[in-house]
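Some structures to go through are shown next.
Look for chain A in each of the two complexes below; its partner is chain B in the first and chain C in the second.
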Partner chain A sequence: MGLLNRLSAWLLSIFGKKHVRIGIYGPPNAGKTTLANRIAQDWGGGTVGEVSEVPHETRKVQKKGNVVIKNDKASLVIDIVDTPGIATKIDFHEFMEYGMDEEEAKRRAKEATEGVIEAIKWLDNIDGVILLMDSTKNPFTQVNITILGNLEARGLPVIIAANKIDLDGSTPATLKSAFPQHEVIPISALTGANIDLLYEAMVRKFGKKK
Partner chain B sequence: MPHQCLKCGEIYEDGSKYVLEGCPKCGGKFFLYTRNPLPEKARKKLLEKIESNELFEVEGKKLDEIIDEIRKRMQEAAEEASKQKEKVESIEVKQMGEYEINLYRLLEDGSIIVQKEGTYFIYLPSLFSRKK
Partner chain C sequence: MEGLNSEEKIEFILKEVEDGKILILEHGLTPEEQAKLIERTMKEIDSKFVGIEMESYMEERQSFIDKLLGKKKVRLTVVGPADKIKTIYRDKDIIRAVIKG
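The block that comes next holds the complex of A and B.
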């Protein structure tokens, strides 16, 4: 694919190394695992993790390593890093709504909290971030604003992907106006709609920074 | 990956086109993208949650009003976020299974300070050593 060749050439020249880690971050249930799987399938085959309707299902950082992008001059290895959902409050009652007993729900809540810590620790190992937001939800949250502020301070290149544009009530335009200084790409990780735009944005955005 | 219609439970091996068109069997609009189909109870629950989603709505019709509203909400969220700077702990344990996470502290500091009933515990970073 021409686009992927361009992407690999860009990333290779920009980062100056052969191994690039792209982290997918965002609040719980924004569709991070679905997007990680979509990227892994488009680029390398295979999946990263199981998708679930239960929030905080990804409680450990999951990495799809060695997604190889080749062109005639070079090859580039990308790791897609799927991270646990980042939240400011985690309450075991939420898990009990999904039919878990109290003990299991409390264990899950603890793991989800450790997942937030792990996701944040992983930022040190990441070369670029796709911040995934749910375009059917209020974007003005502590989570979104605190993460964005910190990514800016770290100088990490970031793309905001406004996910779930396939759902009624999705308002990606609001996300665009909410974060005018950032690149906001409306996508559906589920259906793949606009996913090419995301790849192009990765070329542009991760390309400019370093 | 298969898609399951949340309304009737029908599973489509390649259901991606139905996501836009609706389920051919029941007209349902919401699909779960999963290898593990859900039982009816869980589907109902999830469907309710999706349909009752608090949608983001901006009041007012004029562009100025919309921009003002966005600014206001942004300001509120930023103020809320900056309150976290005043706290020293990165995690507060309200009770077992209930946690409040200070993202600002976690993102800014390397150490992890857990507060439980007024007592502070400092976690060594090695406890959370990362896997490569």
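The block that comes next holds the complex of A and C.
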């Protein structure tokens, strides 16, 4: 599988692809839906999903199709795939800390576990990934390591977006030194800071020059 | 676990972890196996079992063949129940964790 994927990625790098499906992946509360909404609003209008401070707000894959991203030299048509946050543990008690009763918290936890499974399965249906990390936190988490390992094994192109640079304690340089083999773009999905750099990288990495 | 295929390995690990054991796997789990383990863990989560804590360390250097095949070797994986092991610090080479008895 690895060899075929490598070959496919190599052919893609030569011949390019005009319409690609881009998955936004990362741990819970990294800002995936905020970024998906930002991309949709900047290039197509509308939103992709609801944003909340409660972890696992996105519990089903959400999509927005035919978003056209352009720069002076090239354009790229993408389907944005906003995925549920991937986690190795989900404790319903954590949801109760946000004011939910036990029944609601358990239901949400169950939905969150299904969301994680769906997000992992979607790795087989995408052409490229924006891996979103919270730049105020330690990047050496198992979720980040597992996602990156799977992308590398599949030969999928990836851009790491170091999100939340608008917050105190943000250290995007830590992410750059942690993953030197990957392109890391510091951004704030919330304020839009550096978002143009991300779009440039997306066209360059995922798209085809005219 | 020599001789077990990926599915059998994951089933074995999950059963041991659900029984409260912490495992140190010398040859580690591949990224695909890690993802499968997370998927299987999600199916087992209920009010008593809240999931796993897992830490995998990849080899920094790849052989030419492994690079060609897109493989990255894992040198170590630590996995245990999330209510018994909590990682407090990790970087490329160090893991500090608290283990509850």
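What we mean here is this: the second predicted complex is superposed on the first by the 177 of 210 C-alpha atoms of A that agree within 3 Å, B and C clash if a C-alpha of one lies under 4 Å from a C-alpha of the other, contacts with A are read in each partner's own complex, and residues count from 1 in each chain.
Keep in mind that, in the parts below, a contact is a pair of C-beta atoms (placed from the backbone, for glycine too) under 8 Å apart; a residue touches a chain by one contact, two chains touch by 3 or more.
The structure presented is a predicted model; accordingly, all values stated were derived computationally and were not measured.
J.: After lining both complexes up on chain A, report clash or fit for chain B versus chain C.
T.: Taken together on chain A, chain C would clash with chain B, as the superposition shows.
J.: In the overlay, answer first, second, both or neither for which of chain B and chain C A:53 touches.
T.: A:53 contacts chain B only, not chain C.
J.: On the A-aligned overlay, A:86 touches which partner chain: chain B = first, chain C = second, or both, or neither?
T.: Both: A:86 reaches chain B and chain C.
J.: Examine A:117 and indicate which partner it touches, taking first as chain B and second as chain C; both and neither are also allowed.
T.: both
J.: Is A:197 contacted by the first partner chain B, the second partner chain C, both or neither?
T.: After superposition on chain A, A:197 lies in contact with neither partner.
J.: Please tell me which partner, chain B or chain C, touches more residues of chain A.
T.: After superposition, B is the partner touching more of chain A.
J.: Touch check for A:152: first (chain B), second (chain C), both, or neither?
T.: A:152 contacts chain C only, not chain B.
J.: Which stretch of chain B would you flag for clashing with chain C, going by 43-51, 61-69 or 97-105?
T.: 97-105
J.: Which chain A residues lie in the overlap of the chain B contact set and the chain C contact set?
T.: After superposing on chain A, chain A residues 86-92, 106, 109, 113-114, 116-117, 120-121, 123, 138, 140-142, 145-146, 149-150, 178 contact both chain B and chain C.
J.: Quick one: which bits of chain A touch chain C in the complex? Just the residue numbers, please.
T.: 2-3, 5-6, 86-92, 106, 109, 113-114, 116-117, 120-121, 123, 138, 140-142, 145-146, 148-150, 152-155, 178
J.: Given the complex with chain B, which residues does chain A contribute to the contact?
T.: Those in contact with chain B are residues 34, 37, 47, 50-53, 61, 86-93, 97-99, 102, 105-106, 109-110, 113-114, 116-118, 120-123, 125, 136-147, 149-150, 166-169, 171, 174, 177-178, 188, 190-192.
J.: Mind pulling up the chain B residues that touch chain A in the complex?
T.: Where chain B meets chain A, its residues are 1, 16, 19-20, 29-36, 38, 41-42, 45-46, 50, 53-56, 58, 66-67, 70, 73-74, 76-78, 80-81, 84, 90-91, 96-104, 106-108, 112, 128, 130-132.
J.: In the complex of these two chains, what residues of chain C are touching chain A?
T.: Residues 30-32, 34-35, 38-39, 41-43, 45, 47, 50-56, 58, 68-72, 82, 89-92.
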